[in-house]
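Below are two complexes that have chain A in common, paired first with chain B and then with chain C.
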Partner chain A sequence: MSERVFTSAIWLGAGVVTAFFLWLLGDLVWQGAAHLSVSFLLSDTLDSGRSGGIAAILLSTLLILAVALLAAIPLGLMSAVWLTEYTRRDNAWGDAVRMSLDVLAGVPSIVFGLFGNAFFSVYLGLGFSIVSGGLTLACMILPIFIRTSEAGLSAVSDDWRRNAAALGMSRASVLWHVLLPTAAPAIAAGLMLGVGRATAETAALIFTSGYVDRMPTSLLDSGRALAVHIYDLSMNVTGGDQAAYASALVLIILIVFINTGAWALSERWLARKVTFS
Partner chain B sequence: MTVKTPTSCRPYTLGGVTSGPPCCEPVPHVRIADLSVAYGGNTVLDGVSLDIYKGCITALIGPSGCGKTSFLSALNRLTDLIPGATVKGKVDIAGLDVLHPQTDLLALRRRVGMIFQKPNPFPLSIRRNLELPLREHGTRNRALLADKIEAVLKEVGLWDEVSDRLDSPALALSGGQQQRLCIARALVLEPEVLLMDEPCSALDPISSRVVEELIERLRGRLTVVIVTHNLAQARRIANYAAFFWMTERVGKLVEFGQCIELFDAPQSVLTQAYVSGAAG
Partner chain C sequence: MNNFRVTDRWLAPALGVAAAGSGLILLLVLAFLLREAAPLWGSHAVLGFVLDASWYPLEGQFGMLPMVAASLAAALGALLLAAPLGIISAIFLNFLAPPAVARSYRMMVALLAGIPSVVFGLWGLTVLVPLIARWQPPGASLLAAMMILALMILPTVTLTSASAIAAVPQNLQQGAAALGLTRQGMILRVVLPAARGGITNGILLSGARALGETMAVLMVAGNVVQYPLGLLQPVRVLTANIALEMAYATDAHRAALFASGLLLTLVVMLLAWLAIRANRQVSYV
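So, the complex of A and B:
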């Protein structure tokens, strides 16, 4: 009897979560699909988004993301490598870095937004721009990305490190040829978590990359990200609901695409550099 | 400690060792003086002095925890990887001061190869496993790489087994094949000394025998130092044997000499008890 109650409770829990998710997704597709078309993706935004499309917004989003990744990937990998390969596990300085990263990972995005505004936009004079927004997102991605990559690298067997050392291989080439490829799935997963968070970000971008819905002409132009667009349409623009639904659907499709792409890339890299039995 | 420097040129015949050039001229290759190893202040090996002879197989025997692996790791400075490890004393390999802080570790480890207990090919293809160390040490010519890889695989007896699947994963090989690949990977750098830490203990008896025969074939070309818990194996392949024992948690060298004498006429009671199976 209690066994059946327990089992039902488990199923119920999972069912409720899945149902909510499906409802959300269904609603999005139901309301958004009608409005979604190629011309919606490729035309300019008109009348604050009530009509027209999201070409400029899509481009701004991708540019912001590109800036964020370009900044976060090298910095993040270097930090993760430093934490695993260049400091001892009990190193106080390393522990301090780990703790600050964990704290940073939990900081609300609005705080990152205000920091980005104060530091990148104002102090560095980058203004409301795609660069400011991208760099702010990079700051947000970094904690998660570094910690997951670090976990991935730590999980690589020490035997390979010893073997490589015994063969007189330098640390750099062990990293490049053995450790990083082996840890690639974890690194990709960390990146995905970060990108997922970044793509859906609104608060950190409002104060850094801004609102402007024109087509950006340079990275120093302000650019409106998809999430900001959705927020604006649903909160500030009456009659913008249809466009908001369609934009949200585009955002979800975009995230799915990026995730699959990164996963496939890491698999390919893994297959090329590392071969497991 | 009893060290008997062999003087007579007695051919070594115990246990069917008939192949390979005789190595009865004891020319010191690795000279170890007053070596001690400590981890975080705890001494695990103390005061070992010993000459390892060129081209011979020297077996290190003794119970677990008596510092054999630490001894081996000090010879190629792999102890540097262990946090808190300190090595004192002197190790001289053909004129190279191993423990000197300025010693080029990459060059040292090219001259002194090491094989571990658990076979550990990199998670790469068979070919890449052998290419990687070669490229690392400056061989880039494709034809030369291919030649060296073929030669070394033939040497370890793997060529016929893997020549048609060099690009398949090394981790798909059997344990014994993986260990031979690891030996090939060490040999491809043409080291002068090969350190082996229980290379057969993770293998089944047949694979173990194959690896053992391979080690015997190295006699005369390389100086081999092998840690083994298999006394029969030590008897079969080693020219010299060093017996380590632990007193008050500190490993010490008890006796060193020709393998045949260490087994059949040990100087120390401890050695006597260990090789006869009464202690350890």
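So, the complex of A and C:
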């Protein structure tokens, strides 16, 4: 194999990947934009989604995310602080928690769906509801949130901790006034990575937050997430493809927005880390 | 200030409890899978997972092997497609692409990584499946599942391979150049062998992701319970089976679904463990 053949093969491979990507993205934008409009975003779902819009579904999605964040932020932040500030780096319990989180991060989403159904919906009696779905997602996004926040907190130079201790600050106030503000961009980035994953999630939500496409009136109502809506439209509703593509475009724009935010925040954090050392 | 002093006293235990709580979620998940599958433990049904001919839940037959085989075939096929393309993409990013091209290629891969699985499924269902059907009906098939999964895991393979290659020490490459190796020789005989730990790690993690993927496969694979004997035949994978039947499953049927979820989790954990081991044995020849 000559050098020229090798080089062409690599360029060809990259070309194939790019072609598939453009094909996929082109279809999504083309077919999605055809059906997308402001009234699609703001009107109720009619006729199982064939006509009407996705207002109730957007609201359900946001409520599910809000519940997930409300549960995951305090628990995750406290865990991350405990892992970095209150245990030694080689502490066996700390390692056990870290390993458990890493394994949890790899558990397939459908298994989270099974767990959420058995635990939140049935065992705790929350039923098919926005709360069940949100709490299930909270379990899913905790690992990535904790591990990113942990990395952010560990990146704060130990000089800051020593200086604060020398000034006689209590540990709680060091945490509140020095460590958390300094690590804030990393924590926010971890959070947004989690939110991005949660927004894309379908399998964990089908049996926890359910299918109902009406406007939710309480957190104990069932609410259909955007991803579940796309699934239902394309698999169970004949003639729902147009609305499915439009919903998919909305979902992707939402996720690109979130991921760009996460990326920008972690860039800012990386830039700030340099000034500490 | 004084408030914070009081806070100090209960802060450490409170944080410890929170961390323990987060650590215990995994055990809670496993415990509930075991608990819900409990009605089957000890009955003949456990043997039936392996011995029953196939999955006939209404007759109490829960043979999982056809679906296990389908899951493995789909994941393996996806890896066979995605691994070469991913490694080629990584070489492209690190050695061949001009900086501006590399930046946009990287952005494209990152964007691909962010696309939700249900959107891949939608595209597969409305574009890829009809295309295959025109050639060989019914279209919804093992092949479609492999291709969609390959697209989904390609970003992971690419990005992990690219960082493994970037981590190969510069002096190895300089040494290879000094010995008069061509760029091709250096990449194939020095860089890739030196980066194999990280590359294997990425491939195993992608395999775990492909095995655990539900929606995309469910939407394109046709979902007929049978052994995967041909690329163009419809198959049903374990994850899709759970998603399809949970809605109406009761008693033993529901328990069997939870048992299949447990099996899936254990296989994925095994793959993750292998991936960590592969990454640990990094030795620069």
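Simple rule for what comes next: the second predicted complex is superposed on the first by the 232 of 277 C-alpha atoms of A that agree within 3 Å, B and C clash if a C-alpha of one lies under 4 Å from a C-alpha of the other, contacts with A are read in each partner's own complex, and residues count from 1 in each chain.
Throughout what follows, a residue touches a chain if its C-beta (ideal position, glycine included) is under 8 Å from a C-beta of that chain, and two chains touch if they have at least 3 such contacts.
Keep in mind that what you see is a predicted model, and the values were worked out from it rather than measured.
Trainee: Thinking of the overlay built on chain A, is A:51 touched by chain B (first), by chain C (second), by both, or by neither?
Mentor: A:51 contacts neither chain B nor chain C.
Trainee: Go through the superposed model and pick first if A:154 touches only chain B, second if only chain C, both, or neither.
Mentor: A:154: touches no partner chain.
Trainee: After lining up the shared chain so the two structures overlap, which partner does A:88 touch, if you call chain B first and chain C second: first, second, both or neither?
Mentor: It touches chain B, and chain C stays clear.
Trainee: More chain A residues touched by chain B or by chain C?
Mentor: In the superposed model, C touches more residues of chain A.
Trainee: Which partner chains sit in contact with A:171 here, chain B, chain C, both or neither? Use first/second/both/neither.
Mentor: second
Trainee: Could you say whether A:163 touches chain B, chain C, both of them, or neither, answering first, second, both or neither?
Mentor: The answer is first: A:163 touches chain B but not chain C.
Trainee: Please write out, lowest number first, the residues of chain A touched by both chain B and chain C across the two complexes.
Mentor: Overlap of chain B and chain C footprints on chain A: residues 169-170, 173.
Trainee: For the complex, give me every residue of chain C touching chain A.
Mentor: That would be residues 1, 4-5, 7-8, 11-12, 14-16, 18-29, 32-33, 35-36, 84-85, 88-89, 91-92, 96-97, 105, 108-112, 114-123, 125-127, 151, 154, 158, 182-184, 187-188, 205, 208, 211-215, 218-219, 239, 242-243, 246-247, 257-258, 261, 264-265, 268-269, 272 of chain C.
Trainee: For the complex, which residues does chain A have touching chain C?
Mentor: Going by the criterion above, the answer is residues 1, 3, 6-7, 9-11, 13-14, 16-18, 20-21, 23-25, 27-28, 74-76, 78-79, 81-83, 85-86, 94, 96-97, 100-104, 106-115, 117-119, 123, 139, 142, 146, 169-173, 175-176, 196, 199-203, 206-207, 227-228, 230-231, 234-235, 241, 244-245, 248, 251-252, 255-256, 259, 263.
Trainee: Which residues of chain A touch chain B in the complex?
Mentor: Of all residues in chain A, those touching chain B are 88, 90, 157, 159-170, 173, 177-178, 181-182, 273-277.
Trainee: Using the touch definition up top, name the residues of chain B that touch chain A in the complex.
Mentor: Touch list, chain B to chain A: 76, 78, 81, 83, 105-110, 113-114, 116, 118, 120, 122-125, 132-133, 136-137, 168-172, 182, 185-186, 189.
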